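Given below, in the form of structure tokens, are the structures.
Across the two complexes that follow, chain A remains constant while its partner is chain B and subsequently chain C.
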Partner chain A sequence: MTGREDTRQDTGYEERLRAFTGRELRPLTPAQDPVNQPMIRHWTEAMGDTNPVYTDAGAARATGRGGVVAPASMIQAWTMRGYAATVSPPAGRDGFDELVDLLDEGGYTSVVATDSEFTFLRELEPGDHVAVRESVESISAEKRTGLGTGRFVTTLKTYTDQHGETVATQRWRTLRFRPAPAPAPEPVAEPEPVEEPSPPPALRPRPAINRDNAFFFEGAKQHLLLIQRCAACSTLRHPPGPCCPECNSLEWDTVEASGRGHVYSYVVNHHPRHPAFDFPLVVAVVELAEGTRLITNLTGVAPDDVAIGMPVVLDWLDADPDLTLPVFRPAPTEAP
Partner chain B sequence: MSPVRDTPAVPATRTYAEVAVGDVLPDLTIPVTRTLIVATALASRDYQDVHHDPELARERGSKDIFMNILTSNGLVDRYVTGWAGPAAVVRAVRIRLGAPNHPGDTMVLTGTVTAKSDADRHVDIAVKGTNSLGAHVTGTVTVRLPGEVTP
Partner chain C sequence: MTTGTLLPAAAVAGIGATEFSKDSGRSELQLACEAVLAALADAGLKPADVDGLVTFTAETNSEIHVARNTGMGDLTFFSRIGYGGGAGCGTVQQAAMAVATGAAEVVVCYRAFNERSGERYGLGQAARPMDTTADRAAYAWMTPFGLSTPAQWVAMFARRYLHEYGATTDDFGRVAVLDRKHAANNPAAWFHGRPITLQDHRDSRWIAEPLRLLDCCQETDGGQALVVVSAERARDLPHPPALIRAAAQGLGADQHMMTSYYRPTITGIPEMGLVGRQLYRQSGLGPDDVDAAVLYDHFTPLVLPQLEELGFCEPGEAKDFIADGHLELGGRLPLNTHGGQLGEAYLHGMNGIAEGVRLVRGTSVNQPDGVGHVLVTAGTGVPTSGLILGADHR
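The block that comes next holds the complex of A and B.
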């Protein structure tokens, strides 16, 4: 893995990336065509979707609608740029092109979409004319993933109608990464070339989830670090358990951690090696600003540079589609 | 009751009261053919070469062409609304992509009702689409179901 050297990029580059947060990448761009029955039919035929409300006005009216509607998930298709602009992109550069250039400069030349989160405010009908604009929500610190080292770029696409009303939003996350040198990047590629069919990558061991600790891992999936709190005496505790060690109450709720803390203790693990981890592996006990401690991994720091008492901040490891875990990286310091 | 998929004129509609947390949706098996990948890419107006040109897809590091994300969204949408019935209104589709869908593979969609919200009759369904490589897609779909069947 190449992450160690790469995490020490000059602070100027980090600043330039950070400057994109909140920036509009694409101004409001109308769809080429209004919502229309032929394109809906092409979509539903290709998807094998036989729901009659997309093509049969009578069936749609029977469900209380005014007439046919477009499939909700089709909204992105209305605003795709089309064939001509794909094969010969128009002259002129926008914020998106600038961001791609900056990521290329950092070596993040490959891209894969990882998440799409749609919220729909109303259904679209033939005649509606959609437009979309896109802005940057966040660009992550450098992360090591199964595909290679890269950064998650999260944007928000806002879809509006001909009246300027928002009809849907889409959080869109891509991983921009350095392609692995030997085998070509493939979302399930192993470090070594393998004979097809490729086996799935080694997964991190599964946590033993029960009714006491499920909240912790559910929170992690939403990138929320939750601490269990006694509902009677408000004492915080971790790891999670059914009973308050202070007052024995069985009632509890949770609070979200600030994400700040320091290294309370750590070890550097060399052996035995589990295929899901990169070695040497820094396993740390981090004491949160709130006072509880948790066992975690440190990322973005060479083992030799870890020190007890070192300030750290929360980061998230999206290990695989079923597992997200809190990890910590050195807290940013003032530029030297 | 289950939706009547072979009589498209009058598929059954599920009401909010008929659905319970823990209900399991019937599996939906999608043969991932080359034609499906290309047809859905074009129907979603996605002309990126990795979704139709095997040679260019290999040059870019994939073993073959692969399904685009708009189609993953569309198939997850179809899976849930096919179960819920035509009166269901989709409120949210949140997905995470994993292993790619290459030609010749088969994706099996599975789903479970995970939450109900009485105030707005919203139902959350956790969905997973698995192929021979692992999880292609995992996510949650939120639909609004009717309070009673429309006559």
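The block that comes next holds the complex of A and C.
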């Protein structure tokens, strides 16, 4: 039995992970130096930012400010630990170390940063003294990604000034994952460079979201397959649109699909190869039990085993933190 | 609906093209100018005679650039048609209506691009920048799932067609073999002298099952232009007029761009049926009066439902109609005698209209006997258009 299966059967593990939600990982830690002009100058020089409000008091005052200010995006730089602290062994263990240990125990030994979202409440001026603390906002359920199966860990860093007032927050998200198995080594005897599969490092193409289709992708993030329904005549429609073709009503709501359907038609893509996908790639038009059709992918079935009319059931693909898509797999055979 | 009063008031009097290549080595505007000048020379007219231009919304060479560079004077009519290759015959319809109503007297329809060495349509939509227009948002239903190229979009229709009608991929292959056979005789064709066999088709690699490489048209650099004038004026010009007996556009119910998968059935092309009914009504002709056809062939599978929608055979019977040899030069309906877009060039169908004109003139490299009327279609899977060109029997 592998360590991975052990973890899955350990229901206590989920609870221990969940207990981290809201917990402080790093207590309030003051910056080593107050906000100061020399560091601002070094930073703007390195970034190539020539805006004079960071270095010229007169120019800053001309914009209505009291004097020079620090670039907003420097906020994290003020609280960085410095070289010595980074390379020397940690003096003591904090909540962050405990969380990493727990994630390691679950097999999530790899990490990739996914995104960082800042909110700035006021500009910092020389003399301000920043401090930061970090707590866990959420740890997601297990998600399948192109990199491997893992959990998105979102923490919230709160930056405060010398008066204890919040000046900025940073929502910081990483994916802690079990690396997907490496692709099998290339056969030495008969290399076929054209057909060689490669791991998909790229993200799937982004759906262009507008007011007419946003609900579908928002629902997908919550693993809800929604079908647009006319509020006047109740006709279901997909792809959705702002106006009912049956009765011209502009009012609509949605219903959640049963998730059952059958393959209406399908394609097996070989060329060109987009790096986000594994090839051959099965793309299907599935007709739902409710009667609408949608374009989707089929999983859990070899391309040669796909057939028109095949019953399928809904599954979810959490492609990356920003994209969840409905996909379908063959329906389990029903007992007689 | 009353139709037919406009037509056949107009005729195609000139055709002209650049060479068809994979790397033209010059700007798209230069290709457009060369094609326009060649068409005018063929018509025995000068740029200064032109007072109207029609092209595709997909065209990068705006009317102002073409007019200024070729030395046209005042233009009283300029118009564009959308939906990619679906525009082709629609440009001629615009020209014919302009001539019939007096909005213009000499209208040039043109299309030119470096589609092979420049922006290649075949690479698909996956990497295009996104915005939130309805056109762009429609891709949200396709590209995240990896359905992003024209071949893939067509393959979805093709799979269903095979399933419902019991056709096989050989039935698609026969279209490719026919196109390449005709192209082999055509010195202007990219695949001149290079016919293929059905086995070559079977052996070619998968692009998007059930489409193989040889089901997909090539990509081309080049330009093509056509000159439309009144039938009366055309009679005074060097070549026999190709009368525009009918010209029509069609946008079907529940139409999507290349992905109309949500209709009750997807084995037909309703918008092409709509075009066909208008063509026959305008011209007073029927399928039996059509002596040759140039059917849009970006991908072989959609040639079959075109034959059905246009009344040359019953739904589901195109496979037999083709296998029985009706599309051969000696057959009932010689098809794509220039080699089609698979064999000659992919010029968004405009080269097919030029071939229709040659068939009426009697100057095709694969000229069948006794061609009085030719039916030409534009792109399939999109809002489309069609023409019936006829010989002048006055």
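One rule holds for everything that comes next: the second predicted complex is superposed on the first by the 174 of 336 C-alpha atoms of A that agree within 3 Å, B and C clash if a C-alpha of one lies under 4 Å from a C-alpha of the other, contacts with A are read in each partner's own complex, and residues count from 1 in each chain.
Everything that follows uses one rule, which is that a residue touches a chain if its C-beta (ideal position, glycine included) is under 8 Å from a C-beta of that chain, and two chains touch if they have at least 3 such contacts.
None of these values were measured; they are calculated from a predicted model.
Once the two complexes are laid over each other on the shared chain, residue contacts for A:L294 go to chain C alone; chain B is not touched. Within the superposed three-chain model, A:Q76 lies in touch with chain B and out of touch with chain C [touch as defined at top]. After overlaying the two complexes on the shared chain, residue contacts for A:T50 are found with chain B alone; chain C is out of touch. When both complexes are overlaid on chain A, the residue A:S116 reaches chain B alone and has no touch with chain C.
Set against each other, chain B and chain C differ in how many residues of chain A they touch, and the higher count belongs to B. Contacts of A:D320 after superposition: chain B is touched, whereas chain C is not reached. Shared-chain residue A:H271: touches chain C; no touch with chain B. Looking at the shared chain after the overlay, A:A62 reaches chain B, while chain C stays out of its contact range. Residues 39, 42-43, 45-53, 56, 59-60, 62-64, 71-74, 76-77, 80-83, 86-87, 110, 112-120, 123, 179, 184-188, 196-198, 200, 318, 320-322 of chain A are the ones touching chain B in the complex.
Remark: chain C residues 122-127, 130-134, 136-149, 152, 155-157, 159-160, 163, 205-209, 254, 256, 259, 261-262, 266 touch chain A in the complex. On chain A, the positions that touch chain C within their shared complex are 204-213, 217, 238-239, 245, 264-272, 274, 276-277, 280-281, 283, 285, 292-297, 303, 308, 319, 323, 325. Residues 5, 8-11, 13, 30, 36, 39-40, 42-48, 58, 60-63, 69-71, 73-78, 81-82, 86-87, 89-100, 132-135, 137-138, 146, 150 of chain B are the ones touching chain A in the complex.
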